[in-house]
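There's a structure below that I have some questions on.
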Amino acid sequence: MAEHAGPTSSAFARDGGLAAEADDHFHDECGVFGIFGRQDAAAIVTLGLHSLQHRGQEAAGIVSYDGTQFHVERHVGLIGDTFTKQSVIDRLQGNRAIGHTRYATTGGAGLRNVQPFFAELADGGLAVAHNGNITNAMTVQRVLQKQGAIFSSTSDTETIMHLVATSKERDLNARFIDAIRQIEGAFSLVALTSKKMIGCRDPLGIRPLVLGDLDGAWILASETCALDIIGARFVRDLKPGEMVVVTSKGIESHFPFEPMKSRFCVFEYVYFARPDSSVEGRNVYEVRKKIGMELAREEPVEADIVVPVPDSGTPAAIGFAQEAGLPFELGIIRNHYVGRTFISPGDSIRHMGVRLKHNANRKIIEGKRVVLVDDSIVRGTTSQKIVQMVRDAGAKEVHMRIASPPTRASCFYGVDTPEKAKLLASRMSVGEMAEFIRVNSLGFLSIDGLYRAVGEAARDNDAPQFCDACFTGDYPTRLLDMEGTDNVRTLSLLANGGQ
Amino acid sequence: MAEHAGPTSSAFARDGGLAAEADDHFHDECGVFGIFGRQDAAAIVTLGLHSLQHRGQEAAGIVSYDGTQFHVERHVGLIGDTFTKQSVIDRLQGNRAIGHTRYATTGGAGLRNVQPFFAELADGGLAVAHNGNITNAMTVQRVLQKQGAIFSSTSDTETIMHLVATSKERDLNARFIDAIRQIEGAFSLVALTSKKMIGCRDPLGIRPLVLGDLDGAWILASETCALDIIGARFVRDLKPGEMVVVTSKGIESHFPFEPMKSRFCVFEYVYFARPDSSVEGRNVYEVRKKIGMELAREEPVEADIVVPVPDSGTPAAIGFAQEAGLPFELGIIRNHYVGRTFISPGDSIRHMGVRLKHNANRKIIEGKRVVLVDDSIVRGTTSQKIVQMVRDAGAKEVHMRIASPPTRASCFYGVDTPEKAKLLASRMSVGEMAEFIRVNSLGFLSIDGLYRAVGEAARDNDAPQFCDACFTGDYPTRLLDMEGTDNVRTLSLLANGGQ
Amino acid sequence: MAEHAGPTSSAFARDGGLAAEADDHFHDECGVFGIFGRQDAAAIVTLGLHSLQHRGQEAAGIVSYDGTQFHVERHVGLIGDTFTKQSVIDRLQGNRAIGHTRYATTGGAGLRNVQPFFAELADGGLAVAHNGNITNAMTVQRVLQKQGAIFSSTSDTETIMHLVATSKERDLNARFIDAIRQIEGAFSLVALTSKKMIGCRDPLGIRPLVLGDLDGAWILASETCALDIIGARFVRDLKPGEMVVVTSKGIESHFPFEPMKSRFCVFEYVYFARPDSSVEGRNVYEVRKKIGMELAREEPVEADIVVPVPDSGTPAAIGFAQEAGLPFELGIIRNHYVGRTFISPGDSIRHMGVRLKHNANRKIIEGKRVVLVDDSIVRGTTSQKIVQMVRDAGAKEVHMRIASPPTRASCFYGVDTPEKAKLLASRMSVGEMAEFIRVNSLGFLSIDGLYRAVGEAARDNDAPQFCDACFTGDYPTRLLDMEGTDNVRTLSLLANGGQ
Amino acid sequence: MAEHAGPTSSAFARDGGLAAEADDHFHDECGVFGIFGRQDAAAIVTLGLHSLQHRGQEAAGIVSYDGTQFHVERHVGLIGDTFTKQSVIDRLQGNRAIGHTRYATTGGAGLRNVQPFFAELADGGLAVAHNGNITNAMTVQRVLQKQGAIFSSTSDTETIMHLVATSKERDLNARFIDAIRQIEGAFSLVALTSKKMIGCRDPLGIRPLVLGDLDGAWILASETCALDIIGARFVRDLKPGEMVVVTSKGIESHFPFEPMKSRFCVFEYVYFARPDSSVEGRNVYEVRKKIGMELAREEPVEADIVVPVPDSGTPAAIGFAQEAGLPFELGIIRNHYVGRTFISPGDSIRHMGVRLKHNANRKIIEGKRVVLVDDSIVRGTTSQKIVQMVRDAGAKEVHMRIASPPTRASCFYGVDTPEKAKLLASRMSVGEMAEFIRVNSLGFLSIDGLYRAVGEAARDNDAPQFCDACFTGDYPTRLLDMEGTDNVRTLSLLANGGQ
């Protein structure tokens, strides 16, 4: 058709395409939270999302239902700045609500893709909030569009809504099951209708989702820290492939997928989850300390002090120091007042090597052999700067120890990663990387060391216990949308700044 | 289905449901503007919408296409405050663009319903901006939802998009024709794809739409004043039922409906259109002056001065004064700095009868027999206050003359009107109304007088030349959505303040 | 002294230096309003300032006193947008308050110079709001600085505060009198202390100030329209040189200056004051109509229609049409939605001659001999554009009639005027001006015609009844600050955008 | 005099009066930074202030001088949100600039007191930024007011400006010396004129001020971390009572006071300064670790783990753990996304004991005997909540160790402290405090222990080496303004929200 521009000139792209370069980490894209059957539900959701803020700082949304109608609020910015306004909370009436917080895409991205997505279906309103990434979303979207569906966002969540809407099943549970059976990839979903709250995890259980209870009201949340903030009781992790349906009569559990061996994202332990959360039965802080201990055993070094790259390297550095019998010192101080928008002002100082976020503590470092512990290396640019800063502060030697294996492959399961070519470990050996970041020595944790830290004997290469694709390139699902393309993220983007 | 709340508890309502009480007028809900084939297209659209600001002050949107991708900007507020920012205009790249300005609904309504609506269809992006109201939108929407469509706004524009998307035709023109043949009511649409700009009017031509030309670039606009602001040439009014398709090769015209006699909205002449516009071949200011002359003949009065209720009563007052041989005087001064948000501050003065918008000029009025000329009476509350103010200023007699027949029925064609029971003329005789607003005499123009003012001999009651339903209750189309309900506007509304 | 940069490199300039080019008019810089002894005083002041918005749209301030402490609010923007917020009004507790609205200076000027000025003196708080200009303010300021005074704004109001503070008198009334005796120029002041509200006018009474009464509470306001909005009673104009002191015991009147013949600003009648106000005993609308009549007699013309340049030319056009026996027609329509920030977007259309504010009504003008009536010509650029627009609309002849004499000299009494060299009438004869703006004929009202319109037989050249310096160059006071300089406005300016 | 309200009903109060209750700490009120002789000076100041953000988060200001005029920007909010906008930095032209960041007072406090203060004196512009508090400011202010000075802010900085302005000396250096000789208390000032940058410390050197050098441009800053961020060289601490004057010819040093023994604020080491700063020759992190070690020796305890109250208790906890031979564990996780405005939404959850800022890590704490290390106890309310949270997480025993002596007295030297009666240690014994916060044991560092940690043998009670008034009540200066009043902070306050 003449006016058909074709997918490559389409206005759409998957969300992950907008990598924020500011911070050299992988970033989990979302946190979800829902509560059913509790007065001031939206206020509870606000608190839950606040505790999940580390999973996404750009924007957040809450949908509540008050028995008669749905209320939708979506705002760009931190929960604590946007949803704590009385007027906002007052509009979100009802005793059930779900919410979502999302990772920074680019500045102007606006509200178009902020979740929960809400739409009116034939049988009433449906809101869906999603953590993960549907790896066949575009393929499904194209089929749906050919059937006449229209898409008003670039979110794969909208694809799920369409699948629910077009299902031939008659009952919402059946329609929902019909929908999630058609999608592939990683998804931890929370959904709300006028009568139900639904939570489900993909059959591999790649992203976390926990069940909690607050004085009889059921809660779904990405991590247990979101239960702690409100004093809710942790009930259990949802099982991989489980779908729970909460109504005013109680909770019921469905298992719509063939059982599979779990492939939980091991990087949640390395970096994404909050240290005080427990996910899939393990405390995150404890795992990180054990990682540090394994690292000290695998990559020992003669040194004077162990210094974490704050804050993400701190637990592993504590473990490393304990195991190595070296003093743990705060040799780098982090400035927590750095906002997302801090731009070095003035042309003449843009290349001064300004230390906005981290500063070395010269008195601690001067003349010392320093072990720096960080959680991971992505592009290597931040590591370069930090090593230089530590050298400028007078370190005699700098030894970098990384609390994970080299990250060699992109993630397609809801994590913002650079394309593979930009991953330092995909194009350099460890020795080359050491030279690139200018350290006396560089050591990574081995993949088996990582598995030991989470309590396994070793990686079962025939049937890995976790998703570790970013380290191994071993993706646990098909990647249908990515087939035949270098990277789905190169699609053009709808510029929708002003919404 | 259990979770089906049914339409009455749905989150949706047609847009018109949110009557702004601040101003006792009917309000046209929208203005549209598009240009194809001109550098800085969005800047031109900005100017066009600025000149159509009287058709809607709440919010505006522009969609442009730059040859590769679409750009969407939607903002709450006046064009001159939002779209004139360099950063906004810079994002709207491309040599073709359409825009829309909409009437105030309630304060918190947010961006959800701001047009143009944009979505990705199987064959690429489609943007639609709409002036009017689809009277079978909900009926169609329910059918579409049963087929699996999901609706993310409450705009009937989204219904049109779905009809285009689900059409079985293969060519966009055919699909568009297929869509508009399924809808009823009033619609003057402007649409944009990557290759085409489309404009069309409903078969009765209820709302205006004109075609213009700026150095070879085609323009579609609600009124001619939007051509004047940029020095564009007026080509012609689109015909009722006409659909024009503009491509880089030129313009072509389609007539997808059975020919019908035109039923243009006569209230556009009374109040909606700008006095310097010409619509359907008549200059609005001239019609209003003739209305004033007819009124002077039909409802003469012994008086000293003719005073308009500014600004909408001014042209008719000039005509009345000329015909009656009475002096035309600015006996009431309007304060143009009244914004939408002006709320009398302080409890103790809320009922002081504060004159925020109009003030009587005592020196002109004192001791005089005053003919006040206004365009219409809706609820009567503003008239009451103005008459009281003129009396307080010392008028000896106050005679109100209204430049239209009594408004007795709601409009369902894209005009914000109160429900019928709140229309003063629907529950009072002229005598009772005179008493209610406390005037010495009250006169309305007759329906035939109005038809004479627009150049007809009289209303042809068998085949009326205009839509005059607000005066006569004679609706020129079916009102499918309203059947069996008192008023479609009573549906519950999605509260979506924060978007 | 080494670090003394001298006055020419000082950070200060008188306010008037920032001519806004957007609108080819002289602009009065301020309106003042105060009330003493009324609950919700600040809310009343808000309403009063709203009705004085035509005297200044940039920013406004209110100071109230609640019996214990003063409250100060200053905001950039229209009264109706800023002071009507509940939180703002709620902070302005007290039964006495004064306020000020000021004319646009440049965009970034910020809050530094927004009045009322408030400071703590030895004997308590003092707030002063000022309409006018002190012509020896810089001279006095330099003396005060040498005595150790520091200035934190560029407002001449601060000079008055310093004079009150440093007076050797012991009683506030005496100190205030001491202060105003040292200043020259035009001033209509309203001041507030914890016990008193003071109002005063300069000895020539150049700017207006009226006294009103609202159920026993005294009001001071720039114009009577500010009394009308709240239904207050007009008591009288303050006399030139009069100082009134309002306390809880009542009002007393002082005359601290030698009596002089009044020299009220005649331009208040021509343009500044609102048509529904009465100042110095004359209704502004009536004066303007009489001006139009005089103009029709002095500068008659064969023509078909009289068209005002809206809105300021409208009353004179009505008078002209009545006197000339020609039809009065709205041949030019004004778009009231033009905000201060409207900038033609896009480089390619900046010189399209866009008609943001006015549009000619072609159907009315085409083929006609048109008399355009405007209030004044300042730079002539706007007149040029309007004439061109009327010609483009097909006028056969265009005759411009100006409702005042040619403006040949700058105003130094609180009016924003361009420097003399930019005034069209200062460098062209009437014939040259006619050619410049491309009209068939151009006529100005004579100075005696203007005096007749305000009720005098003619101008008394030995002892003029008004200040008409902008027409005659005959300044009624010394201009101490301007001596030896071309223009005081060339002083450097403190750039204080962010405050 | 009749209208004299007297000081107690004055609109003014010293700044410190607005204690923010949100956080149970003393708070230093300000950080200052200046640079002279460097392109893009304001951008450098922005970076310097960003690194001093911990000394004040409410608002900041920068004044630059470009050789012709001064530029002033003041904004409420974090440096990284306000001063990094290109438009703001672009307005701050010049190669010399000073800046100031200030601690939160109340929300509505507005811009009135944001520093640097700028005013025009007889010999040109003067800007002053101040860290500290003038203890005789009100006394001096009253004298100045009686001489005719007017005060437009409540800042004691304005008092200094007036003293400079009214000095009889002829040279700026002499005038500045004259001014600072008249003030008492704590002050680390940075001032800017068109020719000079001046820095000075009070004769006791209570607050810090360091001198740095960036490629030949002189820098003054509150702490060394502000030098590190831009890679500037630390030159030395200013000496107590020293005044340095920087001009384009270089730097000169003056000592206008009689030499006194230094009394640097020991609390800068305990809490105010950043751990990576070195002040008065000691590295802050090192001092804090030594404090922890002293504390472990003075107040040992049988326990399983040492847990810091993050982030301020962390360095002392590391020292404690090292000295005690106990594992250091992150048993409490801090949420860094808590903004100043986070208010628990919804009435029903206001008293849920929500954990917005800290969460205990149950897996680490459960069943353990926990030593909590915090820097100080002010009101005790936060300690109560944290202890409860740790108990809820299953701690077997909770032992609190405080890295400073009990805070028993208010600070009058530029620190925001509650009034004495609200200090827990001023009304309870250590035993009562232990009961109040519900710990198994509570131990504070002794005053001599604190002195040992900073390198002294013990406190010299006859001539203390530091200002430790908050622990001892031994104020090193007169407190003139506070004499005869319970607390100067009880004065009424000018409510100036909207500025």
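Structure notes:
So that you can tell them apart, the chains are marked A, B, C and D in the order they are listed, and the count of residues begins at 1 in each.
FYI, a contact is a pair of C-beta atoms (placed from the backbone, for glycine too) under 8 Å apart; a residue touches a chain by one contact, two chains touch by 3 or more.
The shown structure was predicted, so the numbers you read here are calculated from the model rather than taken from an experiment.
Relative to chain C, the most remote chain by averaged C-alpha coordinates is A.
More than half of the residue-numbered contact pairs at C-D reappear in one of the options A-D, A-B or B-C, namely A-B.
Each chain gets one centre point, the mean of its Cα atoms, and the points for chain A and chain B are 47 Å apart. Averaged Cα coordinates give chain B a centre that lies 59 Å from the centre of chain D. Between the Cα centres of chain A and chain D there is a gap of 37 Å. Multi-chain contact residues of chain D, defined as those touching 2 or more other chains: none present. If you sketch which chains touch which, the chains form one closed loop in which each chain touches exactly two neighbours.
Those residues of chain D that touch chain A in the complex are listed here as 39-40, 42-44, 46-47, 50-51, 53-54, 57, 78-81, 83-84, 86, 89, 225, 228-231, 274-276, 278, 283, 285-286, 311, 314-315, 318, 322, 327-330, 333, 335-339, 341-349, 352-356, 359-364, 392. Listing the residues of chain A that touch chain B in their complex gives 1-6, 9-12, 68-75, 87-88, 91, 108, 111, 117-126, 142, 145-153, 161-162, 165-167, 170-172, 193-196, 492-499.
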